[in-house]
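There are structures below to look over.
Two complexes, one shared chain (subunit A), two partners (subunit B, subunit C).
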Partner chain A sequence: MHRVLGDRRAIAILLGPALLVYSLIMLVPMVWSLGYSFTKGNTINGFTGNGVANFSRLLDDPAVRDALWFTLKYAAVVTAGQVIAGYLLALLYVFFLRRASALIRTLVFFPVVLPTVAVGLLFQKFFQVAPQTGPVNSLLNALGFESVDFFGSAGSAFWVLIVMDIWRSMGFYAVLLFAGLVDIPDEVLESARLDGATGLALIRRIVLPLSLPVLMSSLVFSINGTLKVFDSIVALTNGGPGTGTTPLTLYMFQTSFTYSDYGYGSTIALLLTVVCLMVSLVVYRVSRRDLTEG
Partner chain B sequence: MATIDTPVQTAAGGPAPARPPRTPRGRRGNRLWVRIVVALLLVVEIYPMIWMFLTSLKSNDDYLNNSTWSLPTTWEWGNYTEAWTTGNIGLYVQNSLLAVVPALALMLLLGTAAGFALQIMVWKGRSLTLLVFLAGMMVPPQMILLPLFTVYFRTGLSGTLWPLVLTYVGTGLPLTVFMMATYYRTVPRELFEAATIDGAGILRAFWTVSLPLVRNALLTVGLVQFFFIWNDLLIALTFTNNQDLRTIQVGLLNFTGDFGATQYGPLFAAICINVFGTLLIYLFLNQKVMKGLTSGAVKG
Partner chain C sequence: MILWESPVPLRTSRARRARLSLLTAGTASLALLATACGGSGSGGTAAAPENFDYLSVTENTTVKAALTGMSKGACKAANDALPLKVETVPQASLDQKLQLLAGQDALPVQFAAGNAPALTQELAGSGKVADLEAKLKELGVLDQLQPAAVSTIKALYGGELRVLPYEYNIEGVFYNKKLFADNGVKAPGTWTELVAAAAKLDAKGVQPFSASGQQGWPITRLISGYLYRSLGPDALQKVADGKAKLTDPAYVKAAREIAALGKKGYFGKGVGSIDYDTAMNQFLTGKAAMFYMGSWALANISDGKQNKIGAADTGFLPFPAVEGGKGSVDQYPSNVGLGITLASKSFDKKTGDWVSCIARNYGSTALKDQGAISGFKVNAEVEDANEVTTQVRDTISASKRNVLWFEALFSTKATTVSQQNAAGLVSGSTSPEKFMQTVQDALAAQ
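Then we have the complex of A and B:
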C-alpha cells in the first residue's frame, strides 16, 4: 500500500509546481533582498557595492527611529484595542444576546471584508473639516464644540487611524473570541454562580482564565498583522502630516520607489522582518509561560 | 486547569445563596443598557455606509454647501456612470478581475495538490516542507518586493498584469497549502487505498476522489484568498507603474487626479462600487466567510 502513497513521481508532480512557484516568488527574493542591503542603486540604473554603509546609515537615521517607534506604538495600541473591543463584544454576544447574537455578529463582522482603501477614504471624509464639515465635526459643532482638524497634527491623525482600524477589525476578533467563550462548559459557569461568583468576579476568575488560549492566539495574530500595517495608513493619511504617521513599511516603500534607493530600502525591509520575528517570538514565549502557569 | 476544578469541588459545600443567583446567560438582552449598547453598535456600523451612499448621490455644490447630514437635493445617479467611465473605474474593475481570477485558480490548484502531497502521501521530510511553507507567512512582503521588481523588469513582464498574478500566487500559497493540508487530515487514507486497488493511479485518485471531498474547503479557502487579493494595495501599487494596469484599489487611491479638480459625487460613487462588490458576496456567503477568515487566523 505504502508503495502507492509513497510514489515519488506522483509526489513530485503534486508538490513540485507549488514548491517551485513558492521558492521563486518568496524564498529566492528573500535571500536576494538580503544581498541588496549591501548595495546602492536601483533596477533602472544598476547596482554598485556599498559594503555595510546602509547598516550604519540605518543606525543613525532619525527617520528610521521615528518610523520604528511609530510602528511599535501603532501595533501596541491597535492590538490592545482590537483584542479588548473584540473580547467585550464576544462577552456581550455570549452572556447577554445569546440566541439573538447571530445577526449582530454578522453585522459587526462586515467591515473586515471591505477594501481598506475604500474604508480609508471614507474615514478621511468622515473626519474632515474642509472643504466640507464631515459628520464627526458636524456632531462636535452640534454639541457646542469647535471643529477639530484631525489630520492637521500627527497626534490626532494617529487616533483617527486607531479608531478606523479598530472599527474595521473588532468584529473579526469578536467572532474569533466568541468561539473560545462558547466552548466554556455551562456546568462550570453554573457551579461558579452557585458559589456566589457574579458579574465581574465571574469573568475575572472563571471566564478570563478559561479563554486565555484563544485570547493569546488573537494577540499573536493581531500583533503580526499590525506590525505590517500599510494599506490603511496610505489610504487615510499617506504618512502625513509631514512624516508624522509613517510606519517602517511606508518608509521602506518611499525610500525604494520615491527615492529609488533599493539598497537602503532592502535594509529597512530587513529591519522590519527582524522586528516582526522578534516580537512574535517574545509574544509566543510569554503566552506559553502564561498558559503553563495558569 | 486548577481554576476549573476549584469551583466545581466547592460547589456542593459552598454557602447557599440568599436569593436565586443572577443568571445573565438566561436573560436575553432585556436590560436597558444592553439595548443601548446594541443600538449604538448598529449606528456605528451602519451609519457610515448610509452616509457614504447618500453622499455618492449628491452634486458637488450640494456636497460642499449643504449640511453633511442632509439628503441629496437632487439624486445624481449620473455620478455612478461618471465614475465608471470618466473615472476609469470600469477599466480598474476589469484589471482587478483579470489579475484575481487567474491568480485564485492557479493558487487553489497548486495549493490543493501540495496539501494532498503533504498530508495524504507518505514520505520523509514532509513536515519539514510544510514548515518551509509556513515560514512564508511570517515574513513581511516588503522583503520580496524589490528583487521581484527587478526580475519582472528584466524579463519584460512589467507592462502586463503577470507580475500581479505571479506574486499573488506566491504570497497566497503558504496559507492555501496549510489550510488544505489541514482539511485533508479529516480524509482517511484508506479511501485512496481502495481507489487505487480499483485500478486508479494515485494522481487520478487525487483528482476524482479527493477533490469532491474537499469541495467545501476549496470554496472557503477561495473566498478568504479572494478578499486578500481583491483588497490588496501594496503589491498592486508596486507592480502597476502603468496607468492602464491599475487595479480597483490603486485606481481608487489615485481617483482624485483623473478629473483635475476633485469631483466628490463620482469619488463617493467609486468608493461605493468598490465596497458594494465585496458586500454583495458577504451578503450571500457571510457564514462561510466568517468561518474561513477566522480559521485562517487560528491556524496561521
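Then we have the complex of A and C:
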C-alpha cells in the first residue's frame, strides 16, 4: 500500500480521472465565464470581444451598487439571525429541555426540509394584503391597526424575507450548534458550577469559548449561503417591488438570461465570487485567531 | 498490514501503467464529450418536424384554444399530417426560453416571439424567423390578412411582416355600466372627467380601477395613454429616436398623473401583488368599476361563466383626451397581442398547409368560438356575441391612426425594468421622477 501511494504515477492514475472530471465540469466553466466577461453578445448573435468595457460599466452601474448593498445587508442580518437564533435554540435544547428536546428539535428542524418555493408561497399568502387579506394583516386588523402592504415597499419586503429565511434555517443551525454543545465535557461544566459560575456567567465564560469552533463553522456556512441567496428571494418577491430586494445573484441571472447580456452577467458573477472569497477569508482569519486564543 | 498488493511488480509495469492512464483519461474525456454533445443533437439538424410544435405563454389561452379547435375541425387534414402540439411557459420566462432555444438552434415550428418586438427582431436578424410575407405570398394567402393588422405589425417590426396577427387588439378602458349608473357617474371623455369619476366612485366605496401590478404593463399603458393624448401620437417614437427623454418634464408629468391615482388608492390594496387573472376577475365580478385592457379581454367578457356583471353591462371607452393635448381620441393603441411567428428552419410543406389553413379559417373560428378579434379576415358569417364586441369591431374599422404602447420600442431590459417598477409608482414607493429616470437609464444602456 505504502509503495503504491508513494509512486507518483500511481497517484496520477488514481487521481487523474476525478481531477479530469472536476476540471471539465468545475474549472473550465469558471475560466470560460471569466472569458465571457471580456465579451458582449448573446447566444442568438454570437459573441465579440469587448475589452474591459464590462468592468468599467460595473463600476458605474447604480443597479450593481444597489444589489451589492442589498446582498451585504441581507447576508449580515440573516447570518446574525440564523446563528443567534440557532445558538439560543441549542442552549435551550441542552440546558433546559435536556433529554426532552427531541420533539422540539424535530419540529424546529422541519422547515429545513420544506422546498424553498413552498415556503416562499406560504409566506406570500401569510403576509398578503390582496386579493385576500392574509393572516398577519387579519391579526393587525383585529388589533385595530390598518392593513400593511408588506410587499409594496422594499423596506417591509426585506423584513418579511429576513423573517422567512431565519425561520426556514434556524433549525439547521440549532442542530449544528447542539452537536457542538453536547461535546462540552460534563466535568468542565460541573467544576465551573462548583466554582460558582451559574446562568449567564457559565454560558459566557465556559460554554461560549468551548463552542467557538462550531460557532465559527456555522458563521462560515451561513455567510456563504446568504451571500449567494437566490431561490428564496425569487419565490417570495422576485426581487421586487421594483428592484428593492434584488441581490447580486438575481441581477446577474436577469442580466444574463432575461436581458441576454452574458458578458456583463459574467462580470457581475465575478464580482460576487470576489465578495464571497473576501468575506470567507476574513471569517477564516478571525476564527483562526480566536481558536489559538481559546 | 498490507491491505492491497499489486499482482504485477510495479517497477516492471511502468509502460503498461502509462498506457492504462492514457486509456482511462481518454475514455473519461470521450464520455464527457459524448454527454456534452448529446443535448444539442435534437435541434441541430434540419430534419423535418414531426409535430406542429407551438410554444406559447400560459397566460394566453385564446390562440391555444382556437388552434386546438381547428385541429379537430377545419384543419383536420393538416393536423393529421403534422399533429399540433402545444407547450406553454409562464410569460415572464418566455424571453429566456426563446434565447436558450435559439442558441441551440432548437426553436419550435411556431412560437410566441418574445415579450418585446426587440427580441423578435433580433431572432429575425439572425435568420431564425421565417420571412412570412414571402411565405404567405407563396402559399397564396397573404390577402387573408387584414391590411390594418399588417400595417400595425410593420410599424412594430421595422417594416417587416415578422409575426402572424393571431390577435388584433385595440386598447381602452372597459367599464361597468351598472356601477357607473348606480353611482351617478357618466362615461368620462377627458382625463379630468376620468379623475373626477374615479373620485366619485371611490367616495361611494367602489374601487375605481383594477390593474395587475405584478404584470406592470397595465399600469405603464396608462402612462403611454396620457403621453400620446397630451404630446401627440409620436411621443414615444421621439424617445426611441433620441429626440426626447422620459425624464423631460412633459413625460414625467404623465407618470405623475398615474402615480396620483395610485396615491389616492384608486387601484385598491396591494396592487403589486395583483396578478393578471385577479385583476380581470376583480372587474368581471363587479369589484372594480374600470379596467384598462386590450380587446383580447372580449374573450373573457363574452364568457358568461367568468363575466358576472354580464356583457350587456360592460362598456368600452377610448383612453380619455387630455385637455389642450396634441393627441385625439380616435387614435387607438393597437397591437397584434403576443407576436406569434414561425421558425425558418422547420417551415416545410406540411407547415405551409397548416399556415394556409390558419390564414383562411382562424379569423372566423376565433370570433365564433372565443369572441376574439384577430387580424385574419373573417370568411364566414359570424354574429357578434354582444354589443361590446360590435362596438370594439366598429372602433377598429373606424380607427384613423395607430399609436404604440409604452414599451413597444424599448429593449428587453427597458421593458422589464419599466414593468417591474410600475407597481412601485402607483403604490408610492417609487417617485414619478425616479421611475422615469430608471426606465430612461435602462433605455440608455441598450
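What to note about this one:
Please note the rule applied: the second predicted complex is superposed on the first by the 273 of 294 C-alpha atoms of A that agree within 3 Å, B and C clash if a C-alpha of one lies under 4 Å from a C-alpha of the other, contacts with A are read in each partner's own complex, and residues count from 1 in each chain.
Definition applied: a residue touches a chain if its C-beta (ideal position, glycine included) is under 8 Å from a C-beta of that chain, and two chains touch if they have at least 3 such contacts.
All values reported here derive from a predicted model rather than from experimental measurement.
Judged by the touch definition given at the top, the superposed model places A:L121 against subunit B, while subunit C stays out of reach.
Within the superposed three-chain model, A:T43 lies in touch with subunit B and with subunit C [touch as defined at top].
Residue contacts after overlaying the shared chain place A:Y284 against neither subunit B nor subunit C. In the superposition on chain A, A:F145 contacts neither subunit B nor subunit C.
By the touch criterion defined above, A:W69 lies against neither subunit B nor subunit C after alignment on the C-alpha atoms of chain A. Judged by the touch definition given at the top, the superposed model places A:T243 against subunit C, while subunit B stays out of reach.
In the superposed model, A:F257 makes contact with both subunit B and subunit C. Annotation for subunit A, partner touching more residues between subunit B and subunit C: B.
Once chain A of one complex is fitted onto chain A of the other, the partner contacts of A:A269 are limited to subunit B, with no touch recorded for subunit C.
When the shared chain is aligned, subunit B and subunit C each come close enough to touch A:I13. Taken together, the two structures place residues 1, 4, 7, 10, 13, 17, 21, 24-25, 43-44, 131, 257 of subunit A in contact with subunit B in one case and with subunit C in the other. Interface residues of subunit C facing subunit A in the complex, by the touch rule stated above, are 2-6, 10, 14, 17-18, 20-21, 24-25, 28-29, 32, 95-96, 99-100, 102-104, 119, 122-123, 125-126, 128, 268-274, 278, 281-282, 411-413, 416-417, 420-421, 423-424, 427-430, 438, 441. Subunit A makes touch with subunit B in their complex at residues 1-2, 4-8, 10-11, 13-15, 17-19, 21-22, 24-30, 32-33, 36, 43-44, 92, 94-100, 104-118, 121-123, 125-126, 131-135, 138, 167, 172, 175-176, 179, 186-189, 191-199, 205-206, 209-210, 214, 217-218, 221, 224, 227-228, 230-231, 234-235, 249, 252-253, 256-257, 262, 265-266, 268-270, 272-273, 276-277, 280, 294. Residues 1, 3-4, 7, 9-10, 12-13, 16-17, 20-21, 24-25, 42-45, 62, 124, 128-131, 147, 149, 151-154, 239-244, 254, 257-261 of subunit A are the ones touching subunit C in the complex. Subunit B contributes residues 3-4, 7-8, 10-11, 14-15, 17, 21-25, 27-29, 31, 34, 37-38, 41-42, 44-48, 51-52, 55, 63-64, 67-69, 110-111, 113-114, 116-118, 120-123, 129, 132-133, 136, 138-151, 153-154, 166-167, 169-171, 173-174, 177, 189, 192-193, 196, 201-203, 206, 227, 230-234, 237-238, 248-249, 252-253, 264, 267-268, 271, 274-275, 278-279, 281-282, 286-287, 289-290, 293-294, 297-298, 300 to its touches with subunit A in the complex.
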